[in-house]
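Labels A, B, C, D, E, F, G, H, I and J are assigned to the chains in the order they are written; within every chain, residues are numbered from 1.
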Amino acid sequence: MLRGISRLISPSLIKVLMEMGHGDEIVFADGNFPAASHAERLVSCDGHQISDLLEAILPLFPLDEYVSHPATLMKVVEGDTVRTPIWNHYQNLLQKYTEVVEPFDYVERFAFYERAKKAYAIVATGENALYANIILRKGIISPPLKE
Amino acid sequence: MLRGISRLISPSLIKVLMEMGHGDEIVFADGNFPAASHAERLVSCDGHQISDLLEAILPLFPLDEYVSHPATLMKVVEGDTVRTPIWNHYQNLLQKYTEVVEPFDYVERFAFYERAKKAYAIVATGENALYANIILRKGIISPPLKE
Amino acid sequence: MLRGISRLISPSLIKVLMEMGHGDEIVFADGNFPAASHAERLVSCDGHQISDLLEAILPLFPLDEYVSHPATLMKVVEGDTVRTPIWNHYQNLLQKYTEVVEPFDYVERFAFYERAKKAYAIVATGENALYANIILRKGIISPPLKE
Amino acid sequence: MLRGISRLISPSLIKVLMEMGHGDEIVFADGNFPAASHAERLVSCDGHQISDLLEAILPLFPLDEYVSHPATLMKVVEGDTVRTPIWNHYQNLLQKYTEVVEPFDYVERFAFYERAKKAYAIVATGENALYANIILRKGIISPPLKE
Amino acid sequence: MLRGISRLISPSLIKVLMEMGHGDEIVFADGNFPAASHAERLVSCDGHQISDLLEAILPLFPLDEYVSHPATLMKVVEGDTVRTPIWNHYQNLLQKYTEVVEPFDYVERFAFYERAKKAYAIVATGENALYANIILRKGIISPPLKE
Amino acid sequence: MLRGISRLISPSLIKVLMEMGHGDEIVFADGNFPAASHAERLVSCDGHQISDLLEAILPLFPLDEYVSHPATLMKVVEGDTVRTPIWNHYQNLLQKYTEVVEPFDYVERFAFYERAKKAYAIVATGENALYANIILRKGIISPPLKE
Amino acid sequence: MLRGISRLISPSLIKVLMEMGHGDEIVFADGNFPAASHAERLVSCDGHQISDLLEAILPLFPLDEYVSHPATLMKVVEGDTVRTPIWNHYQNLLQKYTEVVEPFDYVERFAFYERAKKAYAIVATGENALYANIILRKGIISPPLKE
Amino acid sequence: MLRGISRLISPSLIKVLMEMGHGDEIVFADGNFPAASHAERLVSCDGHQISDLLEAILPLFPLDEYVSHPATLMKVVEGDTVRTPIWNHYQNLLQKYTEVVEPFDYVERFAFYERAKKAYAIVATGENALYANIILRKGIISPPLKE
Amino acid sequence: MLRGISRLISPSLIKVLMEMGHGDEIVFADGNFPAASHAERLVSCDGHQISDLLEAILPLFPLDEYVSHPATLMKVVEGDTVRTPIWNHYQNLLQKYTEVVEPFDYVERFAFYERAKKAYAIVATGENALYANIILRKGIISPPLKE
Amino acid sequence: MLRGISRLISPSLIKVLMEMGHGDEIVFADGNFPAASHAERLVSCDGHQISDLLEAILPLFPLDEYVSHPATLMKVVEGDTVRTPIWNHYQNLLQKYTEVVEPFDYVERFAFYERAKKAYAIVATGENALYANIILRKGIISPPLKE
């Protein structure tokens, strides 16, 4: 543990977050997502809820403001009448850290899987809400270091 | 060994079963199946019968109810008059854990091999019944954890 | 995830629990414990509380009833007036799974570190209660399998 | 699988049996034995009974006839009134393959653990009989190959 | 070494032979064959003659009787007048273990190389006869184990 | 890079800092220190000055307040008249983060080497001031997380 | 450290520079570049500015004079009005070491990424100037060693 | 070192030469060749001249006499007026070991690179003559071992 | 294979022989020797006779002439009336390569095992003669290379 | 290769030289030295003479001026009348880089071996002069970088 960094963030997770660069993507996968079979790099956060993890990382992790939607959700399957209250929760969390009005892009289930395979890492969680998988795209850090 | 988990399940097997997610497949291969040459991940259960292993894992392992057939068998070669009593045995075992009426899909031998190559794992067994190879597709765990 | 197994238990944790045999020990270490430097095998459960993890594993993990105390706590440093309410919580959890009246042994801080080095695994958690580190010693599984 | 070799013997087990030389020891450990923590090399035969495994390997594996007792059992703890019928079963199996009248040596539990640590391999089984752990010492193969 | 298994068979070779399943192929390559550059798995039997190795493994290794020719030789290059007495020798050896009348298939040199690349293993030998490379295809073991 | 974390801190360095627990030590070694030969874990920060690195990590890294001196310097060799202005600089940096009045312990050169060997990690830097090597001992993070 | 070699150059960096041959490319990536996800070999120079690194390596590293432009920059995105003063700085540095009048080639952002993937190595830096990523192509060393 | 084998040949080089079979190729690359980036297997002979290495290996290494040209050189770039005296030197060396009249094939620079990628190994040398890279193709050893 | 080197010598064996220096020892172990459990480095020559291997390596491998006995045999166990004709055979082979009159040292069985553990390598053979294990100590190569 | 660095220095050698710090030692071992069996890290410079290597590295590698003798030779065995002209050659080379009057320490053969085991690296060369092994102890780089 380190000062000012949430204890939900493991040493492996922070290393992966820090190694990522502009445009790299990370998937927060719910408990049923086929994470191990799709991950280029697998980070275990088993048992945690995704929104707790987002709350932990968003103060550190910049979202990509060069694209229209820095986050991606899995589209509700056609005909499915399920409600997805967690999306509102995600939106509230993200809006504290980005000025993008509509932060989400939506992709179909199997396209989501293909995208997950190419992501820099997949974080396996214990999330059990419906349609809770989310992909974040990393932006840039731009403090004026040199004058 | 752990309480409530069959002693047929080795530490490696349970890890693989747990890592799998929705839609991942696992092959239970008979003693003559070319398991080592086709497996992405190979789990050794040499000497055991497949139905004993199914009986051990099905209480833990959810079948995929989002597809028509959560299990796949190798189609009897055309012209072959062999009988496959083990299929009935498998069906009885599976019916305790799924409400799918017709749990099995059937694929031709070489298509079965190709499918096995893409599976998350192959379990090498000592099964000696004919046409006993079986692929299971993992479903989801959906207890209401969060209120 | 698997049916009947808590989603707090990661694939790595269950593998380690299952590999352990009679007399092997596992340490649940709080967030400040030097886990990585002392562990023969390190299991990451960062961010979780130890009592949640105990609640998750005790239904599966038998305690050693061949020794007087199947669990070990870190003795309060002499002169320290701290209270350790978590010990009562642990005791309540353990008493559901063992008939040992006094489940705890107490060892001094540096002796505890030495013991941790020899344990089969250390589980790194995010626990933040005082004196919350605990070592469990594995017992045996003894159902009458063979007649 | 190969002709004339029991299907209980996995590729890893036969490799280990063949690599062993005169005087090397192998432990067949019951389901509760701390095999993973003590093994120089660990072979998984989870779920099998030790006597089935002995029956499978003894036709291939020569016992050491240069020592008084080519096999070692764990001594019954003093005061313990348990009976050990499996020892008779082991004796019957061994007598088919060795002319040693009294094949067993007996060592105390912790000495047995130390011996297991130095063995060439430990075979983890699902054996559930009491006092069923057994160490075999390999002998020599001496067919007259050269004239 | 083990009882009843030729001392020409190394621990690595028996492991590979046992891991192979129905339809997997193994190449016995002569001393000049580019084995290391073509092998998925390389087994060193340097210095041995291929017929000695065949004699050692055929009692254990079932040939595939589901294909017309369970063994493959390298076709004599067109125009080459060389004689290949070793083929007769191989045929005699194989006929003890298969009822296939014409056990050999013949493929052209570079097709043979491609086939070798896909084989489960290549055994590097010291064979020095001409056109002595041979590929064997593994069959099945079918004793009635279960009643 | 992450928000709020200095760009001098590499992904490997933050992982190591986070893995460390109470009482673990880390060495910041100057450019001539035999870091690679003494390090249990080596972190490359070649070319950087140690005080820049301390300034980067001290906001994150708690010093051990359970010991008299959470930092250790290499004692000036007897008879050596060198001045060590960097120590004052270090002291100023440390005093922002600890209330310990005299933060430094001093050990002789070869004892310092032995201590470095046991440290959790050595950070190789490009520091070129005299007697600039410094060992930090990690303390605890104690925010009231649970009520 | 070695005499005459800048202390900014780590052992890993010099090894990579020396292993490279005629035509191999190396990328110096700014702090936001997705270096870890694109690198065949990743060299950590976190926290350093690219121009300091170029100043350190150019005395050692020959630029390719067989191509029109031995260095490559990322083209300014169309419509972007940003200024790129660092390019002038790079040009001044390079002109000390090459007689090529116009050392730079310019490629579009995503083509730059593809090129980076094929480079021999990517050096991750802490550079924070805009459009500061640069690819260098190695030339030859041609002292008259043999007469 | 071994009797009768040049001290220029390292243990790694002889192993590679011996593992190669009929038709496998090895590249002797000059000091500027991009060896590390193109090699399937890299053998370090840094600092040595290629002709010294050829003199060392040719007594051991048979050239392929089944192809028209057992050796390959890099074609002089069109328009280039450079002279290549080293080729005569190579030819003299090779003619002691092959009866092929014109031992060399010539390929264009980038085709040469592609060929090098597929070679069994690349030997990195310190050769500084122009156009000195050479690929050798291994032939067969054919002493009458069996009567 | 290479010209002038016996085809009994595998690439691994020649590499080991060449890596050895003055005073390093190599064990040629018979088929029953516990080679895998005692070897620092294990070289497989399964199925070969030791005298064939000695005949293959002695032209290359210098014996140590700085010690009284460059070779070591296992002493016949006291009271054992076995004859050891293979020693004469070894002596004849060695005398072609050393002027030492009495090449052999004799050590007791368990001391031999300890010596084998410290040897640079153990060569596992199929030798079946009695008391055939032999340790060779490498000498120096001393051709006058420099004038 | 890099500008200003001898082509005798391989990428592995320069990395090792650069990783070494004050007081670390490196052994340049002649062709008969048991380098592979004694080296913590082995660097292959097979075929080169030690004085050529010293000439290549001494411009880069600082000798330790904090000890009486920064270099160590192997003492001539008592009674041996051999001459060691190479020592004068080494002395001339070293004197260009150190002001130490008597650069050499001398240790007995087996003490030299023990010292070599603890060295940071052993460089295997092809040196064939008598008593040519030499150990160098690294000093410090002390340019005034910071004002």
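Following the convention adopted for this analysis, contacts are C-beta pairs under 8 Å (C-beta built on N, C-alpha and C of every residue); 3 or more make two chains touch, one makes a residue touch a chain.
In this text the structure is predicted, and so the values were computed from the model without any measurement.
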{"item": "Each chain counted as touching subunit E and subunit H at once", "value": "I"}
{"item": "Relative orientation of copies subunit G and subunit J, as a Cα rotation angle in degrees, nearest 5", "value": "180"}
{"item": "Over-half contact-pair match to E-H, picked out of the listed pairs H-I, B-E or G-J", "value": "B-E"}
{"item": "Selected interface, A-C versus G-H, where C-beta contact pairs are more numerous", "value": "A-C"}
{"item": "Chain of greatest Cα-centre distance to subunit I", "value": "A"}
{"item": "Whole-Å gap between the CA centroids of subunit A and subunit D", "value": "52"}
{"item": "Approximate Å spacing (C-alpha centroids) for the pair subunit A, subunit F", "value": "34"}
{"item": "Subunit A residues counted as touching two or more neighbouring chains", "value": "1, 7, 9-12, 19, 31-32, 36, 126, 128, 141, 145"}
{"item": "Pairs of chains found to touch, sorted by chain label", "value": "A-B, A-C, A-F, A-G, B-C, B-D, B-E, C-D, C-F, D-E, D-I, E-H, E-I, F-G, F-J, G-H, G-J, H-I, H-J, I-J"}
{"item": "Of subunit A, residues touching subunit G in the complex", "value": "19-24, 120, 138, 140-146"}
{"item": "Residue ranges of subunit C touching subunit A (in the complex, touch as defined)", "value": "1, 6-13, 31-32, 36, 44-48, 52, 56, 124, 126, 128"}
{"item": "In the complex with subunit H, residue positions of subunit E that touch it", "value": "29, 31-37, 49, 126, 128-129"}
{"item": "Residues of subunit E touching subunit D in the complex", "value": "1-5, 7, 10-12, 14-19, 59-62, 141, 145"}
